[in-house]
Amino acid sequence: MEPLSTAPPPEMNISLGPLHLANPVMTASGTFGYGAEFINLVDLKRLGALVVKGISLEPRPGNPPPRIVETSCGMLNAIGLENVGLDRFIHQKMPFLRTCRSRIIVNILGDSIDEYALLAEKLTQVAGIDGLEINISCPNVKKGGVAFGTVPEMAAAVTLAVKNATDLPVIVKLSPNVTDVTVMAKAAEESGADAVSLINTLIGMAIDIHTRKPKLANIIGGLSGPAIKPIALRMVWQVARTVSIPVVGIGGIGTAEDAIEFLLAGASAVQVGTANFYNPAAAEQICTGIEAYLNRQGASSVHEIIGTLQTTF
Amino acid sequence: MREYQENSIVQAVDRLSDSLHRLTLFAPQIAAVARPGQFVMASCGTTLDPLLRRPFSIHQSFADVALQILVKVIGRGTRYLSELRPGAELSLIGPLGRGFHATTTGSVCLIGGGIGIAPLLFLASHLPTSPECSACTVLLGSQTKADLIVLSEEFIQFGCQVHTATDDGSLGHHGYISNLLPAVLPGVEKVFTCGPHAMMTTVAGLCLEADIACEASLEAHMACGLGACLGCAIHGSGNTYKHVCKHGPVFDAREIIWNP
Amino acid sequence: MEPLSTAPPPEMNISLGPLHLANPVMTASGTFGYGAEFINLVDLKRLGALVVKGISLEPRPGNPPPRIVETSCGMLNAIGLENVGLDRFIHQKMPFLRTCRSRIIVNILGDSIDEYALLAEKLTQVAGIDGLEINISCPNVKKGGVAFGTVPEMAAAVTLAVKNATDLPVIVKLSPNVTDVTVMAKAAEESGADAVSLINTLIGMAIDIHTRKPKLANIIGGLSGPAIKPIALRMVWQVARTVSIPVVGIGGIGTAEDAIEFLLAGASAVQVGTANFYNPAAAEQICTGIEAYLNRQGASSVHEIIGTLQTTF
Amino acid sequence: MREYQENSIVQAVDRLSDSLHRLTLFAPQIAAVARPGQFVMASCGTTLDPLLRRPFSIHQSFADVALQILVKVIGRGTRYLSELRPGAELSLIGPLGRGFHATTTGSVCLIGGGIGIAPLLFLASHLPTSPECSACTVLLGSQTKADLIVLSEEFIQFGCQVHTATDDGSLGHHGYISNLLPAVLPGVEKVFTCGPHAMMTTVAGLCLEADIACEASLEAHMACGLGACLGCAIHGSGNTYKHVCKHGPVFDAREIIWNP
């Protein structure tokens, strides 16, 4: 039994540039719906921020089923960016989100730079949105499908266009499917991103040996969950040492211990993704767990641990 | 509509046949609000492998204290459940999804195949207790007799008329249970079905043809069960995707494209 | 109970260019020592091939401990390429390897192109070696540490140098830590590689939150095991569709089902890595399991399933 | 030297204290060839999480049929073992590593701390049974009395003289067990030790100073236990790395750099 702590609760608020969060625990895009899905299971106001499912200008139907497969300590998804589109998002989803007393970050995606810019412009006029997260893992349709997320110049161009279209804080979400993620992070930083978040999913695949078909109708999908945590942590550490804007750590985070690893590696905040599926209480538990850790370490603020990894043995 | 993440306690694991196990779970929060056709997402292990919860229909709900699920062993998640012992914890999320609409007062037919029988017992126990409801016909199909012995007794206790079919002919009709439906359909106001997709496709076809209302409980692989991941899409009518966990698992047969 | 099969056992032999194997199940470099470590536990002659721990010209002491960490469905290693060096390999390890009646493939590594070429040249003169596998995941010391495995031109140069130095079959082992693995595979193919094998480990990291230090003395390490299988399978599928030389699938393979996924995706053979640690019987079980699958599918040869993934739904 | 991958059957799980469990495993192949100081790699689960086997010293080996391991619950692998029930399967690889060299005929001292006591009982049962061997002194340290009660009795039954120490003073000396070593050392021909690294460092230091032979059983994180992964390196003398699973786990104290 630990003695009851008499210390005041540690400071948990952090800033991602101009975006101020009450605590560093966010929910990741695509894993928390539009928030309302969890209303019975999660105390939404305890979230540092809630990042909504990626929104495009027009509604998208998504990919044909099957869309998900379980893998060892992970899952593959090929949802295909199904979403209600900008208008229905604003009119059907934002009213609820405005009530939940958490920071709201809208994840945006497009097939061209213009689409990203237009999304940013329109969302800037909507009350209750605290920031934008740019999902650059989509292929650029105009440039023949080359992904924004793997070519630094393209990531820079999207970032710049969005920054010019909004005065909301802008987070650029990086793909891990690159040789050197720090180059992508620098491109985002130099183009004015207020923060970077990483990682999005790793591209993976699974095959049904009985039917000899892929287990996903889309053949390939995005790998997420605890399986990818070591890769995500390594990339966050590399990026945090490279850029001077804040870094948001994502990838396989399911416990306070996982989250603290990312904070020590240099992340100012974390996003909880797949864990929301198998344990909806995860984000709240992580928040409580970080506080308990800070108390045990005698730290009065979460800032006292961010980036404090000791790399000399 | 309230949903809970609840650590249930296993009260009993009854082996109904080689492959069918019935778990009785102390889960007062979920049991109190569960309605027929809804499901729970169960954590099938205590480690991160397997990672995802598995969906199970609510098979019965008792006095707002306990609920039952019927488990057919398919892979490692269901095997884990079948090996649980009384006293063990089992994390559940539920009740989830849209259940059956059992407000009908005319006579009904419940037709279940294999593990699809699971949600129908809860439904049978909730059918309106008006006089007409003696006119509840239940058609139960399975591979072999062993799976049906206990279950058909229970439907009978709820006042239903039970007919059975088995693939091996060991009980009732030798063949598909859906073969028995045409004879039963006339006079039925509504059909409720759950079972293999092919069986439900036949049932839905017969009902649509005869212009009889039909509700079917569908399956899809699920990550969340909450409408958040959008993983459980199926082809709905009107060229849309429906999400089994949120729009279903129970659908009006007309909402679905049965052979996409 | 399945009825006793009366069909003749399926053909399991495959070829990696000029290298002929009795079956497609090999053990992966670094996970099977120099073979002798498993003599009590594995019937070595049942292996399609045995790939030995990476050998360098001089002995290497490896990294300081701790060198391994368990992760979710995987492990990180930072062995640091500890090995006995070429001379001791030839004199202390080859005599045993010559007796084990399995194909012997030597995995080689160097800090410069010259080192790779010299290793190839010297190993060509050693009796009992059936092929070489080039580990290009090492940094090129002369070029300031840029990895051979991430720059196509450098991979091509190493491949060419090795091919010119040997008449043994040459497999180039690809790193997954790249944006586009098919570019690397093509570079190897165009430079004369007889086959490519993939994937090597993904770079990852883990942190001890109590000491605030990395769990590996080397800070970062290579992620292997079931966690990475979906990524490996996707890359193998992409490469198999791109090159016309044989592909060897590696990454998280622990069961016959795993191996068959890689064969369907287009791999001509597979390597079993981390699974040897938690289940030394894995490689033999996989071999038996593939045979059983072929029988169930009514296939008389493993060739009837290689690359037969159906990608139309 | 023969090694086996053997599916052992749990015969008993005895709780010696809150954190110490003793598993008796039917494993005739391994038991037949095991020698004191060797270890087994045990699969601590039936799924891929946790993935790696865990190393455990062989605590006893009986009549070539069964062996025992003593398990201290540290994390989830050891918790899994402590919750196994008789009849369960447990996959083992062993016996592995280089054991103790108990060929000495002079008087010996065994000094174990915490779970490090595990291999010493097997060693005590195998010391040469010459008259001098009454001169086997055993020093056992642990956090508290509960861990030592059963174990010290067993060493006594093998004819050893047992002294104890506990961190909380609930049994024997109040403090480190290594504090008792200097008084025992004179006349001892060889010391065998296993326990926390700091304790063994002290023991090794005292022995080297007094020029008394000392063998210590070391720990390192292991992936294979077979000498294949090269993961279990420790700093050996002469600026080399030693692999605990193959060169050890028992080392001559002079082979090791105790404070690298």
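First chain written, first letter: the chains are A, B, C and D, and each begins at residue 1.
In this section, contacts are C-beta pairs under 8 Å (C-beta built on N, C-alpha and C of every residue); 3 or more make two chains touch, one makes a residue touch a chain.
For clarity, every value in this text was computed on a predicted model and none was experimentally measured.
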Chain labels contacting chain B and also chain C:
A, D
Could you give the separation in Å between the centres of chain A and chain D, each centre being the mean of its C-alpha atoms?
47
Taking each chain's centre as the mean position of its Cα atoms, how many Å separate chain A from chain C?
34
Using CA atom averages as chain centres, what separation in Å is found between chain B and chain D?
54
Could you put a whole-Å number on the gap between the CA centroids of chain C and chain D?
36
In chain A, which residues are in touch with two or more of the other chains?
64, 72-74, 225-226
Enumerate the residues of chain D that touch no fewer than two other chains.
48-50
If each protein chain is taken as a node and each touching pair as an edge, is the resulting graph a line, ring, star, complete or other?
complete
Spell out the residues on chain B that touch chain C in their complex, using ranges where they run on.
48-49
Taking the touch rule as given, give the residues of chain C at its contact with chain A in the complex, in rising order.
64, 71-74, 76, 150, 177-180, 202-207, 209, 211-214, 217, 219-220, 223, 225-231, 233-234, 237, 252, 257, 260-261, 264-265, 293, 305, 308-311, 313
Interfacial residue positions of chain B with respect to chain A in the complex
1-5, 43, 48-53, 93, 220-224, 226-235, 240-241, 246, 260
Can you name the residues of chain C that touch chain D in the complex?
30-33, 37-38, 40-41, 53, 61-70, 72-75, 77, 79, 82, 225-226, 254, 274, 276-281
Residue numbers on chain C that touch chain B, as the complex places them:
72-73
